[in-house]
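One structure is given below, represented as structure tokens, and several questions about it will come after.
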Amino acid sequence: MSRNIILVDPLPRTLDLIMEPGVRARLEALGEVVISEQHQMPDAQVEELLPDTVLIFGQTPMPRERLDRATKLKAIINVETNFLPNIDYQTCTERGIWVITPGSAFAAPVAESALGMAIDLCRNITAADRQFRAGTEGWGLGGNEGVFRFAGAPVGIIGFGDLGRQFRELARPFRNTVRVFDPWLPDQIIERADCIATDLDTVFRESRVVLMFASVTSENEGFIKKHHFDLMARGSVFLLMSRAAVVDFPAMLAAVASGHIRAAVDVFPTEPVAPDDPVRGMEGLLLSAHRTGGTPDALYAIGEMAVADAELILKGLPPQLCRRADPATAARLRSKPVTVT
Amino acid sequence: MSRNIILVDPLPRTLDLIMEPGVRARLEALGEVVISEQHQMPDAQVEELLPDTVLIFGQTPMPRERLDRATKLKAIINVETNFLPNIDYQTCTERGIWVITPGSAFAAPVAESALGMAIDLCRNITAADRQFRAGTEGWGLGGNEGVFRFAGAPVGIIGFGDLGRQFRELARPFRNTVRVFDPWLPDQIIERADCIATDLDTVFRESRVVLMFASVTSENEGFIKKHHFDLMARGSVFLLMSRAAVVDFPAMLAAVASGHIRAAVDVFPTEPVAPDDPVRGMEGLLLSAHRTGGTPDALYAIGEMAVADAELILKGLPPQLCRRADPATAARLRSKPVTVT
Amino acid sequence: MSRNIILVDPLPRTLDLIMEPGVRARLEALGEVVISEQHQMPDAQVEELLPDTVLIFGQTPMPRERLDRATKLKAIINVETNFLPNIDYQTCTERGIWVITPGSAFAAPVAESALGMAIDLCRNITAADRQFRAGTEGWGLGGNEGVFRFAGAPVGIIGFGDLGRQFRELARPFRNTVRVFDPWLPDQIIERADCIATDLDTVFRESRVVLMFASVTSENEGFIKKHHFDLMARGSVFLLMSRAAVVDFPAMLAAVASGHIRAAVDVFPTEPVAPDDPVRGMEGLLLSAHRTGGTPDALYAIGEMAVADAELILKGLPPQLCRRADPATAARLRSKPVTVT
Amino acid sequence: MSRNIILVDPLPRTLDLIMEPGVRARLEALGEVVISEQHQMPDAQVEELLPDTVLIFGQTPMPRERLDRATKLKAIINVETNFLPNIDYQTCTERGIWVITPGSAFAAPVAESALGMAIDLCRNITAADRQFRAGTEGWGLGGNEGVFRFAGAPVGIIGFGDLGRQFRELARPFRNTVRVFDPWLPDQIIERADCIATDLDTVFRESRVVLMFASVTSENEGFIKKHHFDLMARGSVFLLMSRAAVVDFPAMLAAVASGHIRAAVDVFPTEPVAPDDPVRGMEGLLLSAHRTGGTPDALYAIGEMAVADAELILKGLPPQLCRRADPATAARLRSKPVTVT
């Protein structure tokens, strides 16, 4: 007899982490849910389920041979949120199997954190708290040396995907002039958000607050260098929010150490950072242990977006919340599996 | 021959601190500027200038006897921004002498800081930086215990003057439900800002982020008590941004010390805080040495607002940027001269 | 025994017209309400009530002699919404009697209508409906000759009080560059609303949509002349929303008749307009019989604002919703009693 | 020698109609442009160009046989903006040939017109202009019978694609409660825009302003019936902005004729409407000859979006402005070639 299997293979996530009870109930209403959470689903089990599988939630390898056997499959929904090279994307495209991921779930918490950290750096909030604790605080105007207002300060955004756009919306009431560098986008997309599309040097030269939101691709590794930090006006601030690899990390630290800029850093070349890494003692740095995105609600959003799109797909409608894997784009993005978030 | 004196008596401020060169030039275009910055203007000098004085920028005492001699006086513009009991307000009102102050100049920087601190408390930004420096940080989801999103969290605002309203505008993109307690305002003012007018207990009971923006009056000293902190849900956050005297300070600290709430504090019962005050070592507290308002641009805004309104007044038009001293209201407000900001 | 009279003398309005039942109940909770609606309250009745009157809602003449006898009077609230020269404003000011009016009640409906009419003129909506009815309509692109988008068109606003500011807020999503001429305001007020403060000629020269929101004063009668319409680019649109007297009306009609501009007109030199006035047959004109402000909800807003402020005043607090009569300003405004709205 | 042909076959449009000179210059920078504007490009010419064609702008039929010969083809950009069944979509998908259309170009002008018309219907703007011309106008409050404010009125939107969403953004300052019915979308998309996702009956029952923005599909023809108009509160307004076929047109007219509702109609079952169609004389109707979308700037937007995406595609990047043909969706949409717009 015919079964409609929903194959759930979510590691490094678990179903409880990404679905609140109500969402899980909606998942279970879509078919017969089979879960492997302790370890990746064993090959034998996958092979047995494939002919009846309509949806895959997870990162199960799906080469051509498996797709050939999964004749009822409608969608593969990656809940780890980075596309991996373990799927035959071309065959999925040809067969109308959606390969999608709710990656934008992390944009909202990171954008919120980025705004908090941008204000923090402009106004020296965390640094002043440390001074207060050390008994070296300045009072009133005397505590505001080097401080400037985020409101009205020229802002530069590098990478204008979900994250950059959400940050821009959160910052609207502050009325900054916002310059954007994103070579993957037409100017119109940037201008619609009331930003100025410009080149990378101009972003660094004209902005007092620069936010790095770009993904790593095969082409942009380390593309932010000493040259760019040198272009920044003294006392400006830089926020590294996406991936450490897009920046020449030592050059950034040197710019901070010299007092030229202040910076907030959520991502590091090696994580966790070594116990004796000198970064832990640097002034002018706001330190964050890759924690701006991984809030409980962001994980639940992954599950909710995934299930909502699964519901549409099973009705024959296109998904609306998750991002599609575009094979060409997927190939450029250099993702590695996450361990923590 | 007739002179038009502009008497400038700005202590504790100085003219350079509150006016950029362009604004000062506009001031000088309005009349003959006479300044006393080292000390309050001596009585003899005031008496000599009064008959030709059209504008006073500063806190010069102006009792009835002086007003009687100042027959050309059009306005007294307090640049310290707290109305003091050293003016005969009633006589000024009767004679059409404007008594005004650009007090809202501080609203913008405080509101910006308050939003940064609210996000900081919700997301544990400063605390996580301290842990990172101590080598005790958690990574990713593991660093987000007790964290919640500011976006969407129910917010409570106490005191909905310039400061409360500016904060509300900055927070708009976060789509919080905002409850407001302000007994001086009709509900309509609060509802126009898309907030809910409610009572004090409801603000504390329903909000996860409560911001104290109320001024001290003769009636509200210490009106936030243990009772109110007890009403807050565990893990909520409280921001004390206006005056320490509106809160039972020890009760607030006890609520933080017990882990019931987290708090940000910009104002203290005694400033500066003693070197050995235990507040300096408390966890769950974001410490700020009365520095959220006194930014350089806020001081310049004082001067610019004062001069722009002076220009209007000398054309026979009503001022538009400064607040008028309403004698009844002025009497209720318990201001003391500022020393620092 | 002591009574607290609320004297209601609201002609040309009636209490039912301006207060919904709930608001009226709030009024009645404030004191003993005595109403004269058929005619202005007779002198004898006024004289009798004065010693116990705490509030006046209406346009009762209040010269010095009456004020002397009204020793309990706290406020005069004009519900016709134009300040008249029948009150001794100076004495009221000296005695702390508020003289206020909820005039901004009309701003919201007029601003809404103005936006609808601005889009109408840009897109030829009413004219196209007339052509459709006459069987002369053009279809699709063929029906859009002379049409331009309101979105993005440069807008000019003359008069930036409640009305101009509310219009500006309604138009925000259309992202126009907005130029403002208002000689009563400092540039800062205009710039805070993201508009450009400029001179009158520039407003006409640079804008494709010009809105007249200025009140008539003793100084600005007929200040918009042929010169200004000549400055407008051919095919631009003009909206006359405040008072006909601020414009050289025949010059405006000539500019429309010649096809140089299109216009919307809500106010006329003589109202009602004569049955045979040629304006009734003009193309390029959107005609409105002084009806943009007088909506049922605007009248109810008058009552609600008046009562809410009365509640505050009786608690010893300043009013928050109504505008104060500033004697100097009141003298400049050339208001005449309204007959209809 | 190798050529890179850009095949332009834009009928019923012409290149001048959709591209301003600057955009056309960008097009010409992308390759060798070959145009057929007098008639659809002849088969022989197409066949000859195919092997060197990299981009097609237009509606050239592209069955499998032609795709097999177009080995350099990267994208087919439909500039008529309705997907037609003359392309082998499946083969394009398999081969990574983008099939896209800048259909959202019309959303902005239609949304703007819809807001103007919604205000017009609520406030009786066009009807009052007609009465003024007929000498039967009412003045002030007397001219506002049946009028209500758009601001704050409950709004219902049917179809929440580009058009519905742009309308929603334009209406934001009016603070309406907005209910949306769109069975193709998850609730989250609707809620993110601060709207309420609900069923069709509720939209009609609870809204005073209902806007029809839905496309015609094979499933929704005539789905708005007498039943729905009956659910509307008397005096409410309905705007038919997308396709006439989604509505039972006679039932809608009957609801207007009876005085139950007022309506604005931009699309008709047969266009142009017959000279003697009684619709031309109906009161309560705002008539528009399919002219809300076809503004000159909308046509230029088509060209600009098409060229901007072509530039991305030739760099190997995904398009960002045009919509992709999803084969499944395309099959459901019942588009017919446009004649006018």
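Order of writing sets the labels: A, B, C and D. Residues in every chain begin at 1.
Please note the rule applied: a residue touches a chain if its C-beta (ideal position, glycine included) is under 8 Å from a C-beta of that chain, and two chains touch if they have at least 3 such contacts.
Only a predicted model underlies this, so the values are computations on that prediction, with no experimental measurement involved.
S.K.: Find out how few touching-chain steps suffice to connect chain A with chain C.
M.R.: When the steps are counted carefully, the minimum from chain A to chain C is 2.
S.K.: Distance from the CA centroid of chain A to that of chain B, rounded to the nearest Å?
M.R.: Computed from C-alpha means, the inter-chain centre distance equals 38 Å.
S.K.: So the centre of each chain is just the mean of its C-alpha atoms; given that, what is the distance between chain A and chain D in Å?
M.R.: That gives a centre separation of 34 Å.
S.K.: In whole angstrom, how far does the Cα centroid of chain B sit from the Cα centroid of chain D?
M.R.: Chain centroid spacing, chain B to chain D, equals 51 Å.
S.K.: Tell me, which pairs of chains are in touch?
M.R.: Result of the pairwise touch check is A-B, A-D, B-C, C-D.
S.K.: Which stretch or stretches of chain B touch chain C in the complex?
M.R.: Touching chain C: residues 93-94, 96, 184-189, 304-305, 308-309, 311-312, 316-318, 320-321, 326-329 of chain B.
S.K.: Hey, which residues of chain A end up touching chain B in the complex?
M.R.: It is residues 108-109, 112-113, 115-117, 119-120, 123, 125-126, 128-130, 132-133, 135, 137-144, 147-151, 169-170, 172-174, 271-273, 275, 280-281, 286-292, 294-297, 299, 340-341 of chain A that touch chain B.
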